[in-house]
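Look for chain A in each of the two complexes below; its partner is chain B in the first and chain C in the second.
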Partner chain A sequence: MKEQLLEYTLRLGDNALILGQRLGEWCGHGPILEQDIALSNMALDQLGQARMLMQYAAEQKGGDYTEDKMAFFRDVTEYHNCLLVELENGDWGRTMARQFLFDTYNYYFYTALLSSADERLKEVAHKAIKEVAYHAQWSAEWIIRLGDGTEESHRRIQESMDDLWEWTGELFTMDDVDKLMIEAGIGVDLSRVKEQWDQKVDQILELATLKRPSDDWFQSGGKQGEHSEYLGFVLAEMQHLPRMHPEAEW
Partner chain B sequence: MTKEMNLEERFQAYVDGENKVEPKDWMPDKYRKTLIRQISQHAHSEVVGMLPEANWITRAPSLRRKVALLAKVQDEAGHGLYLYSAAETLAADRKDMIDDLLSGKAKYSSIFNYPTPTWADIGAIGWLVDGAAIANQVMLCRTSYGPYSRAMVKICKEESFHQRQGYEILLTLAKGTDAQKQMAQDSLNRWWWPSLMMFGPTDDLSPNSAQSMKWKIKRKSNDELRQEFIDKTVPQAEYLGLTIPDPDLKWNEERGHYDHGSIDWDEFYQVIKGNGKCNKIRMKARREAHANGEWVRKAANAYAEKQAARKAQEGSAA
Partner chain C sequence: MSTKDNWKIWEIFIRSRNGLSHKHVGSLHAPDAEMAIKNARDVYTRRSEGVSIWAVESEAITASAPDESEPLFTPADDKVYRHPTFYEIPDEVGHM
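Showing the complex of A and B:
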């Protein structure tokens, strides 16, 4: 049970950290100053959530573990984020599509987590819910704007949506960790989240005049530590300095 | 002609009386142009200045530092926005200003053409570059043009926070391992002289300064500001236990100021001319961001127009 709670905490924390890291890559390179600022806000929210969760994970590990040791001294197979958040940013449309698919999931997930039996996760959910609600609304607006904008933007955002779709499946698959956490009243029933997600995604895609991609095949494994090739590079960049000076403080 | 002279004289008297000039007030054409040039350059500097620091967001060595750095770079984007808005009060157009930046016609602070190869550079930029910028900006809080002065008051508050953050990064390094100390010293070696150059050429070689001082756009000379900065910064370096890379630097009891060695103005003009390590890299990054965002801006405009048309139609139907 202790082990599963730690993994559950890391799944949430790693989602936030890796997505925050990816969004941070955009800073200074956005399509217009106002949106550069907005995306940095999303990144800051994700990193803020990541810190709370890494602190909680470090406390569960005990000893000399800290949020930074959790973030900077775990390798690819010890990361438990879903695959979707580690994918490359691509163009603005792809980043918005990834954001929309993830934010919508995250919003319903955190809404359910508000009634978690675990006091700490509940506390995280209470802090995060306002942020993720705003993110979900913001990225949905971008999907509508790009889908119903110009011919080019419609084509681009549809392509991104088609490409990213296969990476959304594992958001809703439940393994033993999920099941145990649900039984303990700590975790979230993802089948319920899936229903809400489907409904919302369909509604926004329709407003955006976009087609819902078909459910041919879904990738999985991120939550269990089986990642794409991207995560290694994300971690190499993020971790190199603390790993080069393991005894240093920053 | 005489009437124009009178207006100019009245304007000068108004400025001499420490009154703020507001957007709708009459002002000499050259005053307007000088301000548009200066404020837009300042805005561009904030935006280009995001790049050397954003370079380290994904590599910041702790989560706390990562968040602080991202928030700092985001603040700079915000400063860019305030300043573009201040320039717009003078009837400049943001799109034109950005086109001028991207075409190379408009300038930005040359300091951002220096690279940030190590983490210590993030500390040095905060401490020295923001420190030098603050010396200039504190003066600009009292500049004669109202909207610029008010933007500066807001910006100065955030910049002082950034400067403390930068200094704290260096303090942590200076107290750290030998490798960290070395990293901090190396960074100071690279940033010290370029920071002194930020104040611009010496007073005898600064042609636009006199008129700007007369109009109270500028309130202190380049050399005065540079001296203030040096006097303030030397004790801070001593506290860090780092050595300023200037063998001629010493306290002059008689003047009550530090004397310093001569600045390599050839380097300064080379970087302005485009020969700094990062001039081309910075411009490439800005141009790419702009070009890659083109379809996004078009889509946002097209969608806004469609929405407005739909609203109008609903309105006429009702």
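Showing the complex of A and C:
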């Protein structure tokens, strides 16, 4: 049970941390100042959520574990984020598609987590839900505008949606960790989240004049620590400084 | 995707508290009105500056011309009596 709670905490924390790191890559490279600021804000929101969860994970580990140690001194196979968040940013539309698919999931997930039996996760949900609700709204607006925009934006956002779709299945698969957490009243029943996600995604895709890609086959493994080739590069950039100077302080 | 050349400029007004009026805080780029509100949220209200946002297309604003400022504003300069400081307020009125 202890072990599973730690893994569950890390799955949430790693989603936030890795997505935050990916969004941070846009800082200074946004297509326009306002959009650059918007994405950097979201990166910071994700980082804030990640910190709360890493602190909680470090406490569960005990000993000399700290939030920094959790973030900077775990290797790829010890990361439990879903694969979707570690994928490359690509162009603006691809980042928006990834964001929309994940934010929508995250919104319903955290809404359900508000009634978790675990006080700490509940607390994280209370803070996160305000931020995530805005992220979900914002990225949905972008999907509508790109889909129902110009011929080129429509084509490109549809391509991104098609490419990313196979990475969304993992969001809703429940393994033993999920099941145990649900039984304990701590975790979230992802089948319910899936229904809400389907409904919202269909609604936005329709407004955006986009086609829903088919559910042929889905990638999996991230939650269990099996990652795509991209995560190693994300961690290398994120971790190299603290690993070179482990004792360094601000 | 649109380039910034065809994104409109919007003037942003923020109401800092209920009961106060909206104040101009600056301008920004956005492709449409709704995104202008969202951009304003991200650019101007990160530190709890506001409870309400107005976005107005900059081109919808008509401004007075600087070279007309003399006929527009100088006639008021020698009419200080227009300030209400010259009237005696009866005690019964209390604070105004």
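Following the convention adopted for this analysis, the second predicted complex is superposed on the first by the 246 of 250 C-alpha atoms of A that agree within 3 Å, B and C clash if a C-alpha of one lies under 4 Å from a C-alpha of the other, contacts with A are read in each partner's own complex, and residues count from 1 in each chain.
One rule holds in what follows: a contact is a pair of C-beta atoms (placed from the backbone, for glycine too) under 8 Å apart; a residue touches a chain by one contact, two chains touch by 3 or more.
All values derive from a computational prediction rather than experimental measurement.
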| item | value |
| --- | --- |
| Contacts of A:A117 with chain B and chain C, given as first, second, both or neither | neither |
| Which superposed partner A:A43 touches (first chain B, second chain C, both, neither) | first |
| Chain B versus chain C as contact partner of A:W138, first or second or both or neither | second |
| First (chain B), second (chain C), both or neither touched by A:G93 | both |
| First (chain B), second (chain C), both or neither touched by A:G30 | first |
| Touching partner for A:M1 - first (chain B), second (chain C), both, neither | neither |
| Residues of chain A at both interfaces, chain B in one complex, chain C in the other | 31-35, 37, 41, 92-93, 145-146, 149-150, 152-153, 156 |
| Touching residues (chain side chain A, partner chain C) in the complex | 31-35, 37-38, 41, 92-93, 134, 137-138, 141, 145-146, 149-150, 152-153, 156 |
| List of chain B residues in touch with chain A within their complex | 47, 50-51, 54, 57-67, 70-71, 73-74, 77-78, 80-81, 84, 119, 169, 172, 176-177, 179-180, 285, 288-289, 292-300, 302-303, 306 |
| In the complex with chain A, residue positions of chain C that touch it | 1-2, 4, 7, 28-32, 34-35, 38-39, 41-43, 46 |
| Partner chain B, residues of chain A touching it in the complex | 17, 21, 24-25, 27-37, 40-41, 43-44, 47-48, 50-51, 54, 67-68, 71-72, 91-93, 144-146, 148-150, 152-153, 156, 237-238, 240-242, 245, 247-250 |
